[in-house]
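Heads up, the next two complexes both have chain A, just with different partners, chain B and then chain C.
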Partner chain A sequence: MISISLILLVSLFFPGIILRTKSLTSGRLGPGLMQPVKDVVRLFRKGAVYSDTTSFIFRIAPTIYFSSVLMACLVIPMGQYRGLVSFDGDFVFFAYILALGKFFSIIAAMDTGSSFEGMGASREALYSMFAEPAFFILLGSFSLLTGFTSFYDIFNSLHLGSSITYTLGILAAFVLIMIAMIENSRMPVDDPKTHLELTMVHEVMILDNSGFDLGLIIYSGYLKFAMYGALIAGFFIGSLSPGWSVTAFLLIQLVFAATVGLIESFMARFRMNHNPQFILALSSVSFLIFLGVLLVLEKFV
Partner chain B sequence: MTNVLLILLIITLLYVSIANRIITYVRVLALQGFILFGVTYLQLKDIETWNLVLIMLETIIFKAVAVPLFISYLIKRNRMTRETEPYLPHFVSLIIVTAIVVVTILLSNSIKDTHLDKIFFIVSLSTLFTGLYFIASRKKIITHVLGYLIIENGVFVLSLAVGNEMPNLVNLGIMLDVFASVLILGIFLNKIGDVFRDADVDQLSNLKDY
Partner chain C sequence: MINALIIIVLLAIILILLTGVRLKGIIALTTVLAMGSISIFTALKSLNGPAWETVLNGTYLFGEVPVRIDSLSAWFILLINFTIITGAVYGFSYMKAHIGRKSDITLHSIAFLLVQFSLTAICVIQNTFIFLLFWEIMALSVFILVIFDHHKPETIKAGINYLVQSHVSIVFLMLGFIFIAIKTGGYSFDSISSYTHSHSSLAGSLLFLVLFTGFAIKAGFVPFHTWLPYAHPAAPSHVSGIMSGVVIKIGIYGILRMLLVIKTDYVTIGYIILSISVISGLYGVMLAIVQHNLKRLLAYHSIENIGIIGIGIGLGCIGLGTMNKMMTILGFSGALLHTLNHSLFKSVLFYSAGNVLQTTGTVNIERLGGLIKKMRASSVLFLISAIAICGLPPLNGFISEFLILGGFYNWLLTADLLSLISIVFSVGALVLIGGLAILCFTKAYSIVFLGTGRDRTLPEATEVPVLQLLPMYLATLLMILIGLFPSFFTGALNDTVNLFTLNAGFNPDLPQVNTPASLASINWLFVGLIALISVLLLIRKRSEKKKVIERGSTWGCGYESPAERTQYTASSFVRSYAKLAKPVLDIEKKEGELNEVFPGKSQYETHPYDKIERVFIDKPLKLLNSFTDQFRFLQNGRLQFYILYGIIFVAAVITIPLLIDKISAILNFLKTM
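Presenting the complex of A and B:
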């Protein structure tokens, strides 16, 4: 219970912190911390406009997308506290419930019959597909290291002892930050600032959604950031006492948000044909984590 | 700590495989020099002090500073273009380098020898093969030289694995290094850089009798 409420709390401030970091690095003060959330609330108060050519899929897709992200948040533990749902193999559930949401937003984009949206959906599907092996090799290595298959057990039995386990933790944090950027369609692969015609990935996929539906999709993005932040925090706070773990959790989320802001400020978007190799490089790095785990377990020698 | 540095060495290989510019290769070579410096310091504990000082000076001066600086000077002097111009797309390069690492791990896992330090074996062998792959898949002569230097780093890692028992092997690795520096210095600076304006291997195949 405490983990889902913390994730929901963090998701309210996360986009504001990203925005503030970006503003500060470009020499402005920027809008208030709550401004992105206020924008979403404004969208929630509006009605939605539906095209005549769309079917019921287009209407339910944003809701399914949002609820899939919410369900994925349920399995994530926080320090000593279990998530609301926790069972063996729940990281597979986590990955595929997110994939279900993504599947629905993709077929909703196809449903509109617009060629723009189909193209955006196809690219988004491609990038998620490349990011999937990285996630599974990463989590698979950690379950090999600890001998458990649920997030709670993995994080709790992960004791950072020698220098090699610290390296594994840092590499895992790097891979997860990059996966979060890809899944949220942020800077190195996609640019959230350019609407419509420039990047043609996520923004063009949700072109037809308006009002309440658009608000749901945007808020799901914020929730996803908080969710991946909670995953990253899990690698480091598993063995802390409850009070410290909440502090560390919030601190790690803050650092994560600032990192995202810094990456967005100082990196240019990649050319479209450079994206697959960049995402595949993440899989290679996760593979090195696997090698490191084999080293720790002394499967060699 | 040694393991961390060696894993970092493999990550630099992955980075090189998707790098676009030659200058990135040179920077990665310098980074590899520093990594090898650290590995030398941590690994060679049982050899004579003067020999250790010699080896460490060699890694820091030749591998990390002199050769990269000299190559970047060469690139400027010969007005080479910045792109690496691979025959294959970077995406395929990345898959091939990853496959090389996987195959080396499988290969070394099948060896049942307790004397062998597996992580050194894996890292050196994959560095070696990756260097060979870079030589085979890049067009420019300067990238061939860089690939050769990567191979040499791999050989050096392997010699470090047995450095405590056989310090002479490490010294032989250093000899190879000095030899390579002379190679770049002599051949490249005087002949090829001046004859061919952009030092492209494709032009070498044009040489024939008229």
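Presenting the complex of A and C:
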């Protein structure tokens, strides 16, 4: 319970911190921390416009997308506290339920019959497909290291003793940050602030969404950030005492948000056709982690 | 039970031959229902109970015929008969369009009954000779079902392709069974197991591999899959559903049955099955993505799903070999459950494709679009099955893939270096298959059912009659039930999986798997997911009441009247994928050149082809043809020459033995010197 509440809490501030970092690095003061959430609340109050081409798929998809992200958050633990649900193999569930949301957001984009949205949908489907193996190999390596197959058990038996496990933790954090950037369609894979439809991925998929639905989609993005932040934190705070772990959790989320802001400030988006290579390269970083685990366990004879 | 089925089938065939065309369908349908209920009733008793055994009187030729329904047979009988019943109800309505073709319908109905009967019989027969007999009946009757539209040349071509390949499969099975018959003099499965138990495991492994090849051709493992993408689209849709749903599964049954009777080196066999399956899974889905023909796309997906089932079997085998009980249970139960799952969602997908074909006259997805507004029920059923086949929660596909992945992570904990490498690749492949399946089915679903129609020359689409939708609802309901109550179905599989573990001599008192605990959590999460979605949709609906909801046209950068031709097409949706996967794919392009200042009409065509087929089937055939072509001069069409060949042959038959006698006499003479 405490884990999901913390994730929900962080999700309210996360986008604000990213925005603030970006504005500070570009020499502006920027909007208030709560501005992104206020935007979502405003969207919730607005009416909507639906295209004549769309069917009921377009109307239910944002809801399913949001529900899938929320359900995925339920299995994530926080320090000594289990997630609301925890079982062997829960990270499989985590990845697959997110894929369900993606499935619906893709077909909803195709439902509009627009040439732009099809383009975004096609890219989204391709990128998320390449990101999956990286995630599974990463979690597989850690379950090999610890001997458990649920988030809670893996994180809790991860004692960062030797230097090599630190390296593994940092590599894992890198992979997860990159997966988070891909899943949230941020730099360097996608630029949320671009104004040209041809260069968008996620934004072009939701061109026709408005009102309540758009609010849900945008808030799901915030929630996803907090969710991946919680996963990254999990690699470091499993063995801390409850008080410290909450502090460390919030701190790591803060650092994560600032990192995202910094990446967005100082990096440019890749060329579209370089993206698949980049995402596939993530799998090889995961594989590096796997080899590292083999080294730790002395499986090489 | 077998006797009752034989009597029913013979009676029905006679009745079908005698009656008018309308009655034929009704008789066939009632017979299918009657046979189905008898088989299901008998099988249900054996699924979680003692095996049902009897011995039929045999003849001097092949000995007596033991018949045995254990829980493995029962599981397959259940899933086969369920899909055949849904197929029969669907087909009954689907075939009404062809009511004028009396003799074709007679043949079709009889073949349909024979398929059901022979598939059920294959599951219970324990005598290799009779097993092959029924296997042949099944192969031939499926052939007749496939070539229903025999006036189309491509249908006949696909049918003959299937016929040839299924007989290659029979050759491999015969080789294996004859070997055993020669060695032991017996035709029963028991003699196989007694032979392999008393000989080295190498003999067992070789025997298994020969039989595996035979069964793999039927099941459609790569590289034996090439008949599948032709036969499935050519057949009428209910037949495609049945073929993909259950006929190829009989190959899986054969593999599992042989694993039970043959004692082999399970680890090696497991690795072989695992690697073939990983390749099948990846290759199937990679080719499925680029297909334009909806039924062909689904056919390639069958190859992918057979791969997933095979991954489960391979995992279970390795578990048997390394005495890892949990892994064995997870592997086999994942494979068995996925067999059921695939028969459900794939048949519904084929039936939906059939509905599309029936109402629009085409399955070329580039010409379709916007059908969700005209065929709401079919499109929702297609969507649910598509989600299930991608292995997404909260449906049945997720459960079986979860079990298999669980098996891998279980293996991980005890593995050595070699198996670790194979785990990483297999898990990577399995999730990549999942991701590719999502790409494929978002493409298929959104191009066919969403957006607006792409071809105005097509007839106006309408929903098919309720009777035709009914079996689809039934199968979908079962899919949802498996998703929501997985523990019940894995519980039903307990005895079947125990067959394997007991056979390998595991201690039955070992602690039970803790997957059911995971499944219970998943159960709650699924219920929670559905509850959450419903609550949110309710909130959304209530909040909509107070707001202004408008309708407009799709955003087109300010352009107000978007045409259907500006929509994304299937090819453009997968273009970036096709570019990346170019080394594996074999896409034929026909491009008209644009030159001059005012270019004329031009066109651009792409046809995906199968690289493995080109290398393994087309090339050897070409070589064989060019070799046999050298003897063309013999066939010159003159009767005199043919008589001459006959005389030469007779003379050779008489003289060659004489010559051999003489030569051996000379040799003997030389030896005595």
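Following the convention adopted for this analysis, the second predicted complex is superposed on the first by the 298 of 301 C-alpha atoms of A that agree within 3 Å, B and C clash if a C-alpha of one lies under 4 Å from a C-alpha of the other, contacts with A are read in each partner's own complex, and residues count from 1 in each chain.
The rule is short, and it goes like this: contacts are C-beta pairs under 8 Å (C-beta built on N, C-alpha and C of every residue); 3 or more make two chains touch, one makes a residue touch a chain.
These numbers come from a predicted model, not from an experiment.
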| item | value |
| --- | --- |
| Superposition on chain A - do chain B and chain C clash or fit | fit |
| Chain B versus chain C as contact partner of A:Met267, first or second or both or neither | neither |
| Partner chain in contact with A:Phe287 - chain B first, chain C second, else both or neither | both |
| Touched partner set for A:Leu251, first chain B, second chain C, both or neither | neither |
| Chain B versus chain C as contact partner of A:Val41, first or second or both or neither | neither |
| Geometry of the superposed three-chain model: angle at chain A (Cα centres of chain B and chain C, steps of 10 degrees) | 90 |
| Chain B versus chain C as contact partner of A:Thr167, first or second or both or neither | first |
| Partner chain in contact with A:Leu8 - chain B first, chain C second, else both or neither | neither |
| When both partners are placed on the shared chain, which of chain B and chain C touches more of chain A | C |
| Which of chain B and chain C A:Phe278 touches, first, second, both or neither | first |
| Minimum Cα separation, chain C to chain B, after superposition on A (Å) | 6 |
| Chain A residues contacted in one complex by chain B, in the other by chain C | 276, 283, 287, 294, 299-301 |
| Contact footprint of chain B on chain A as seen in their complex | 163-164, 167, 274, 276-278, 280-281, 283-285, 287-288, 291-292, 294-295, 299-301 |
| Parts of chain A lying in touch with chain C, wherever the complex brings them together | 44, 46-55, 57, 60, 63-64, 66-68, 70-71, 74-75, 85-90, 92-93, 95-97, 99-100, 102-103, 106-107, 110-119, 121-123, 125-126, 128-130, 132-133, 135-137, 140, 143-144, 147, 149, 197, 207-208, 211-213, 216, 273, 276, 283, 287, 290, 294, 299-301 |
| For the chain B and chain A complex, residues of the former touching the latter | 1, 3-4, 7, 10-11, 14-15, 18, 89-91, 94-95, 97-98, 101-102, 105, 108-109, 114, 116-119, 122 |
| Touching residues on chain C, where the partner in the complex is chain A | 369-370, 372-373, 383, 387, 390-393, 398, 401-402, 405-406, 408-410, 412-413, 416-417, 420, 423-424, 427-428, 431-432, 434-436, 438-439, 441-443, 445-447, 450-452, 514-515, 517-518, 521-522, 524-525, 528-529, 532-533, 536-537, 540, 543-544, 547-557, 562, 564, 566-568, 572-577, 580 |
